[in-house]
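There are two complexes below, and they share chain A, which is joined by chain B in the first and by chain C in the second.
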Partner chain A sequence: MKGKCYIQGMAAISPQPTFEENCFSSPISFSTTNLLPCLEPDYKPFIPANSLRRMSRVLKMGLAASLKCIADSGIKVSGPIVTGTGKGSLQDTEKFLKEIVTYKETALNPTPFIQSTYNSVNGLIALQQKCTAYNNTFVHRGFSFENALLDSMMLLQEGEDHVLTGAFEEITREHFYIKSRIGFWKEEQIDSRELLSHHSPGSVAGEGAAFFMLTNQPTEKSYASITGLKLLYKPATEKLLSALQTFAPAVDAVITGRNGDSRFDHFYDTVEKYFGNTPQIPFKQLCGEYDTASAFGMWLGAHLLRAQELPQAWIGQPIAKPVNRLLLYNHFYGEQHVLIMLERV
Partner chain B sequence: MEDLKTKLKEQIIEALNLQDTKPEDIDDNAPLFGEGLGLDSIDSLELMVLLERQYHIKVEDPREGRKILQSVQSMADFIQSKQPA
Partner chain C sequence: MAERVFITGVGMITAIGDNVTENLQQLLAQQSGLGYTRYIDTIYKDVLPVGEVKHANESLFQLAGLPPQEGLTRTTLLGLIAMREALEDAGISELNSVPAGFINASTVGGMCDTERVYFDIIDPGKEGSFLQYIDTLDCADCTQRIADIVGFSDHIATISTACSSSANALMFGARMIKQGLYSRMVCGGTEALTRFTLNGFNSLKNVDKQFCRPFDQQRTGLNLGEGAAYLVLESESFAKANNSRILGELSGYCNTNEAFHPTSPSPDGDGAFDAMRKAMEMSGIAREDVSYINVHGTATLNNDISEGKALERLFGTDVPPFSSTKPFTGHTLAAAGAIEAIYALLAIREGLIYPNLNFSEKMEELQITPVTTLMQGVAINHVISNSFGFGGNNASLVISKYEG
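On to the complex of A and B.
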């Protein structure tokens, strides 16, 4: 990679208490319904009440996470905002579609329609920050966050000082049901903490919002640097192995998107076998499966690189120090595969 | 008329998701926009939708809408004027 990219600030709202200070001292939350919903914070300190009343869940999650990320970075001047989402605001979309049917295409409320558009979160952040810089939302299913990240890294290479990059996704009961009919989730109800020991078709549903302030210069506060990014669409095993060679051999641990879905485990098996005894750190038991779950994996990896440790309850095993290079590997139902190299600053 | 105004206030609170506001907090004659409840242009569209859904009244002329949506009192007067005698 030509340019440098550092994570200067970050924030996440997820099924775990990740928005709280000292979140790693809290016990991990779990579900036995195959749906891991986010633990939503009190939004009032971040969003004015008059705006809050109109926002749906994913808008509140996205805006609050982005504002906390900006505050965490200490960067005051707003710059480009680039995000990714697989589905955007499902709650608003469903509400709008239901109203079309109920009111026979008349007397339609404008708010759910306005907010159902994918770039609503970006717009809200820009309005809140009075930011008129580059603003883009990528909607590419399992590559949404990855394309936002790629675009952000290119912006940094082109000379931007910093870019706010993020991803947001929500699950609704209706969407959960629709996806259950096409085999996204496990048929048997499981404890999400035991996700990886249930080898059967499907996974558990999740959701979340994660934001990163990416910069072209490191500081003492930087969490990690992103030194490599590779996207592969429906790769054959040989192609995946060839991509892995780009990042090997000095990898201290692999953050793996393993999700208990027996139909696609062979990809993770390939990576695990390739890296031999290198520790594998799964994260889907914490956040569930969704289009932009790799953003949560990156958030977790960046924390590990800066703190050099994470509780065993979160990552399943003790990791030998120092942790200097982490490879994040994730794929979305066997189609969109991503490799992200994270390094200690 | 009093019943209509109370019902209207409840419907406004629900439609606009005015958390922490009770019907008795809304003055009949207080302006709905700017001061008073501090509503904005999106809210005005939602109130138009409320009139259409709940009272089957469609406001075609936006200039007329501005007068109708001045306060709860003006909305109630308008609804009453449209109801069959």
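On to the complex of A and C.
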């Protein structure tokens, strides 16, 4: 997708204190259990207490992140809302599956069923914002956020002034166990901060919600522009290389989705080699691996482009200024690959 | 000037037939596919009617041209059968002769099979071939399995906006064509009946114990259904250069959110009104140009009031002939938008308006009633197809006759 749009506002809830002011001055939060959970904020400033009681975890994370993003953008008029989520509300899905059995299919509470539908976060945001515009939810693993981004960029090309675009994902204990049975996570328990130095099968589980207000026009407070997007499904190395060639001639750094998984590292090696000495900025040691982790990567990249710095403790290295062009490359277990070009405004 | 988007191939499987021809035959015979489940393990199997595809999974494997194997869910098999028919109907033998995208829709992915083995999956004491169903827990699984088996290697996506999912898949594919990203997109959805969804809708108290009665005063709810449908969309310039056989045009569409309630539409049908009005505006048609409306018509108390009010507000005293085909197929959720888009094309091609089965008494809130007898030999130029869902997700499509 060609075309250009601007990140006018953003917000993220992640395993790092990204929802708080001055988040970069805090030490890195980490885990030694291979499951890196979000630092959930106080939701009360965003969501009324009587609503909060009824909402499950990922709904709160998604709604709060979207509301903070809208506030951050300063845009008052609501527009289209497009999101991506690989798994939706796992907590509600698990709950309803169990209640069907426990209560033998009778007198069931419908709330977990309603909240388990993948578009429930989008519906909530629209309801809360009284927003009757376009509304869509993509549910495709490592292409969930990416298709939401594509949809949003098309909406802007079609004449929309702004689009609220986001992604949300949660990990539960139960789902962590389920995915451990098919090799998603490392067998040895590691310190998540050292994720990239553990070359072995699997990664560390993470979660998060990130939202962006995308606009057609820049302002002096725009974080970054998005100038290119390419999705590649199960590409051979040659296909990945040819996408890199047409897509990103010169970049100042690559934001890389490296996750320590030795089975699929060769894709990241290919990209690293292609860009030679270009600095590589990893982010999964901060957020863990999940379907929509690239949204966190984009949040991090946009911060870097506007502030021109990120703490060394977060990304493991100093970054030479100026940083004008960043390429985000991520793949989800070797299947869904994405390239997102971010530029300084 | 954006390209027009043409429909050049269709494929489907529902409770009333394993392909498009069988579906048409049953519509003409006014034969409902509703009945009682043979395949879901539920206490409601003799209580709540459903629109089930009349094949066990073993037989679906055969229809899909595959040997039985673990890991392929009923959702995938239904999708695969419809997909193969759509590609064949469009005359596509070599899928990668031009870059083609695949936009799928699903509400609960492979839940139909995972709900049977879920408690084994979470039990560390159990091992077995059920582990091959772990990946089928999400909505992307069916999309990728179908893509890999038939050979899509380019853009793929899965959309989940409840009952409007495949209408949104068609819209997204059409927009990608208009943006010039692809000249061919295959879009639709697949849905298999599950105990999970049946209990979900039943817990909301909107499943009818009788066969559903859309737009009837005595209606008490919907019947769930299953099925899959895909439509091949091509840009005008590509379809003409390729000499594609053009079945119709996707001339207008609109997606709105009602922002009213998580599971209920507004009583005046604001979202439905906007979706239809804007889809017609895009299509460039006036109210009198609409020959038929295939309504969402789930037969829930709220949907039919809301949708009916929207029709009366939009069309005044001249509401075009309308009917719900849900009493034929059941409500197939993520597949409904694509299934009904194909019914719209068949209505145009055959000059038909389908009867709204099981209707007997006008709703007291409305002045209008649906078409109740099969109408044949009608000139149909433009059909509106509605899909409205949970989360306030509304979608309307305008399918138009191709005039050459």
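Rule of thumb we're sticking to: the second predicted complex is superposed on the first by the 341 of 345 C-alpha atoms of A that agree within 3 Å, B and C clash if a C-alpha of one lies under 4 Å from a C-alpha of the other, contacts with A are read in each partner's own complex, and residues count from 1 in each chain.
The criterion applied here is as follows: a contact is a pair of C-beta atoms (placed from the backbone, for glycine too) under 8 Å apart; a residue touches a chain by one contact, two chains touch by 3 or more.
Quick caveat: nothing in here was measured; it's all calculated off a predicted structure.
Touch criterion not met for A:188: it reaches neither chain B nor chain C. With both structures placed on the common chain, the touch criterion links A:109 to chain B and to chain C. Of the two partner chains, neither chain B nor chain C is touched by A:42. By the document's definition of touching, of the two partners only chain B reaches A:54; chain C does not.
Legend: residue contacts after superposition of the two complexes on their common chain; A:21 is shown touching neither chain B nor chain C.
Considering which of chain B and chain C touches more of chain A, the answer is C.
Shared-chain residue A:238: touches no atom of chain B or chain C. Across the superposed pair, chain B and chain C both touch chain A at residues 106, 108-110, 114. Chain A meets chain B in the complex at residues 49-50, 52-54, 103, 106-111, 114.
Partner chain A is touched in their complex by these residues of chain C: 42-44, 106-107, 115, 118-119, 121-122, 124, 131, 134-135, 137-140, 143-144, 147-148, 152-162, 168, 172, 175-176, 179, 181, 195-196, 199-200, 202-204, 255-263, 270-271, 274, 389-393. Remark: chain A residues 1, 81, 86-88, 96-97, 100-101, 104-106, 108-110, 113-114, 116-120, 122-124, 126-127, 129-141, 143-144, 147, 151, 154, 157-158, 174, 177-179, 181-182, 231, 233-234, 335 touch chain C in the complex.
The residues of chain B lying in touch with chain A in their complex are 16-20, 38, 42, 45-46, 49, 52-53.
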